[in-house]
Amino acid sequence: MFIVDVVLSGLVLGGIYALIAMGLTLQYGVARIMNLAYGEFTIAACFAAYVLFTVSGVNPIIALAVAMPASFVINWLVYAIFMTPLVKRAPDAGALEVDSILATFGLLFVVQGVLLVIFGGTYFSYSYLAVPVQILGSAVALNRLLAAGIALAIALALYLLLMKTRMGTAVRAVAVNPASARLVGIDTARYAAFAFALGGALVAASGVLVSMFFTFNASMGVVFTMKALIIVIMGGVGNVLGALAAGLILGLAEALSAGFLDSGLTMAVNFALFLAILLWRPAGLFGKRAR
Amino acid sequence: MSLLTLENLSRSFGGLRAVDGLSFAVEPGQVLGLVGPNGSGKTTALNLITGNLRADSGRVIFAGRDIARSAPHSIARAGIARTFQLVRVMASMSIAENVAVGAIFGAAPCAPAEAMRRAPALLARIGLEGRGAEPAGKLTYIDQKRLELARALAAQPRLLLLDEWLAGLNPTELEEGIALIRSIAADGVTIIMVEHVMSAIRALCGRIVVMNAGQRIAEGTPDAALSDPAVIAAYLGDDDA
Amino acid sequence: MNSPIFLAAVAAIAGAFALVQPHLGPFWQSLLINILMYTALATAWALFSGPTRYVSLATAAFFGLGAYTMAFLGEAMPLPMVYLSAAVIGAVVAAIVGLSTLRLSGVYFVIFTFGLAELIRQLVTWAEAKFGGTVGRFVFVPVSPTDIYFMLIAACVAVFALGWWVQRSRLGWALRAIGEDETVARHAGIDVTRAKVLLFSLSASVMSVVGCIMAPRWTYIDATIAFNPIISFQVLIMALLGGAARLYGPVLGVVPLAILFELLQANFPNHFSILLGAVFLAVVYLVPRGVAGLLEKRR
């Protein structure tokens, strides 16, 4: 039942990736901040969950309830302190993009540096619900299954929030066209900050979930940022359902390559997918052609 | 043989057929007017000819070669130069450098130093004599239009596309502009001009093509084509498709 | 700055560096090697990113490729051939990256270059483990620090000469036009993608050669050392602080920052990354004029 193993682990992984990418698609698609420090926040959340679990005995599910609001506030502050001046000084969207790339590149090294000082460069993991569960004759660790389930639940909640509420409609309007959104009375600056913070809450959730089954260290952020960026582009910038689908595709692709090729090649698989998208559909799997 | 032939050219944006089965030809040395109401697809047609947009179907034959799938730069090198409806100059480069760019990379490419030597003569021709060292961004709107034309001419094109180049000129400037276009045509450059200024069309164009809703609705001498009932209906707007 | 003065200044400074060498102690020689290395890298970076306004985060990738070229081929072929190979490898990888991303909006390029060093690092690690059965390799080539010092002077002179030549060539004109207005450039007959890819490859091959020159300094390299993202980061800050719009701009950022980083590294080795990030943020927020050359028009 090897193929079932592979597909199952791909879907589980993909569910988490989708959640990671949804946070970024909110930050980039709505707030227009290309956040290169994104993966660092994922890793920071991994460490937060690790400390809560090993030191205080708090289980990761409860850690989620702490980490998400905390990260929401932290990211709101990051936006207010670091991004607002850039938004104010940028003459157009292109300039803001370059500025935010540079600023968050700096932020990346600060966050990574702090994690390195506290935790050093070694690998960390903890054991929570590491018991096998039988599905279709294949064994999956319960922690992975639970992580993927929670990830999908959060993703669904986000989707409903965006599609069914007034606030969600406003957020989507800002994503599509900030100038017109302003004309119909939407406070774009506030919604941009809100979307960035909400993206931050999602990144914290994904970090906590990742930490349940994954071995991590302080300098791995760039890997998560890359995955998130690739998924966002595959799914179409600002497209939440696209991110979900693309996340599952990336998870499957990685699981297949790890199963049939070599697990040392996952980054290469990421890039191969990215290249394929760039050459075939630069506007994303579900986007319209650009020209 | 015609210099440029459009055959059944089409391009849609979503559900809108901006150019819909358009066909016409331009003979060497001709000044062809492309007219029609706003939104009739004239600028889209120019963008299809210059490769700025890619056609969904149809052919663009220039000097015997189909260029409908070619990139803008190879179309420019083949000998088609253009101006833009909304003026585009390279603002922080000098006026002479703007012109030089046209010469360096155009239909008859030359070395940068040689291009800079040729610039003053072209600037004199379009009325920007002696101002080559000033930054292009400081020019008035009208002078930027002149500069665009000089840049296009520097490329030594066989076919020149003017997109509402005469729009916004005052009566004196209009006279000068018409004389300038006439002298360019006299040098043997074939011209397609999209234009709303009908007096200029009548003065310059031997033939015009009238477009509406992406299609050619009339063709002929300005007087004949503009009095065609279909054209009158299109301009009066009771023929909304 | 006009050409004779610029070229004379480059020659004079290069001569001065060569003349002081016999009087340098190990500390000063090592500091000057650092300054020379970053001068070559940051100038090469600005060569591409200045006129095109594409932010490349891949310096470490090309630098590392060069270093690994020395590690792999250093004992297998004559040294000049090794440097040449590094130049070719850097250019080829850059051409692949450029051809797949430079046709599109700038952000794809940034993302691709952001992950490139990590991608190549993982591939090298994987290949070494799989086929070589090792983690890293020793670099045993007869190249002394003094040789490195002189080769870096030559590399700096070469990159300035290259930049000077590019500015006056058709390629340079093409890139200036692209930086001003890509649509106009296209319709003026400029093959925009080709111009960008060409210059990106030139810039990358300089970076690879510098990595190749520097490799013997470590004696032992592994993928983590060779593809350290800190290199991309430092080059970016230096070029931005100095200003990427002028050929001599990056040097103005290299000298103060190379000295500052040396001091930080010596005094706060554990907090280096944090301080580096803080310096970078300070440059981005407080010296927008230095950044301005690059951001003026956007990409």
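Note that the chains are named A, B and C in the order they appear, and that numbering of residues resets to 1 at the start of each chain.
Simple rule for what comes next: a residue touches a chain if its C-beta (ideal position, glycine included) is under 8 Å from a C-beta of that chain, and two chains touch if they have at least 3 such contacts.
Keep in mind that what you see is a predicted model, and the values were worked out from it rather than measured.
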| request: Select the chain whose centre, defined as the mean of its C-alpha atoms, is least distant from the mean of all protein C-alpha atoms. | output: C
| note | Most remote chain w.r.t. Chain A, using mean C-alpha positions, is B
| task | Compute the distance, rounded to whole Å, between the mean C-alpha positions of chain B and chain C. | result | 43
| Gap in Å, rounded to a whole number, between the CA centres of chain B and chain A | 48
| task | Provide the C-alpha centroid distance between chain A and chain C, rounded to the nearest whole angstrom. | result | 31
| remark: In the complex, chain C touches chain B at residues 168-170, 173-174, 176-177, 180-181, 183-192, 296
| Within the complex, which stretch of chain B touches chain C? | 50, 52, 71-74, 76-77, 81-82, 84, 88-93, 97, 100-102, 104-107, 109, 111-112, 151, 155
| request: Please name which positions on chain A make contact with chain C in the complex. | output: 34, 36, 82, 85, 89, 91-92, 94-95, 97-99, 101-103, 105-114, 116-117, 222-223, 225-226, 229-230, 233, 262, 264-268, 270-271, 274-275, 278-279, 282
| Okay, in this complex, where on chain C does chain A touch? | 53, 55, 57, 100-101, 104, 106-108, 110-112, 114-115, 118-119, 122-123, 125-126, 129-130, 229-230, 233, 236, 240, 270-278, 280-281, 284-285, 288, 291, 294-295, 298-299
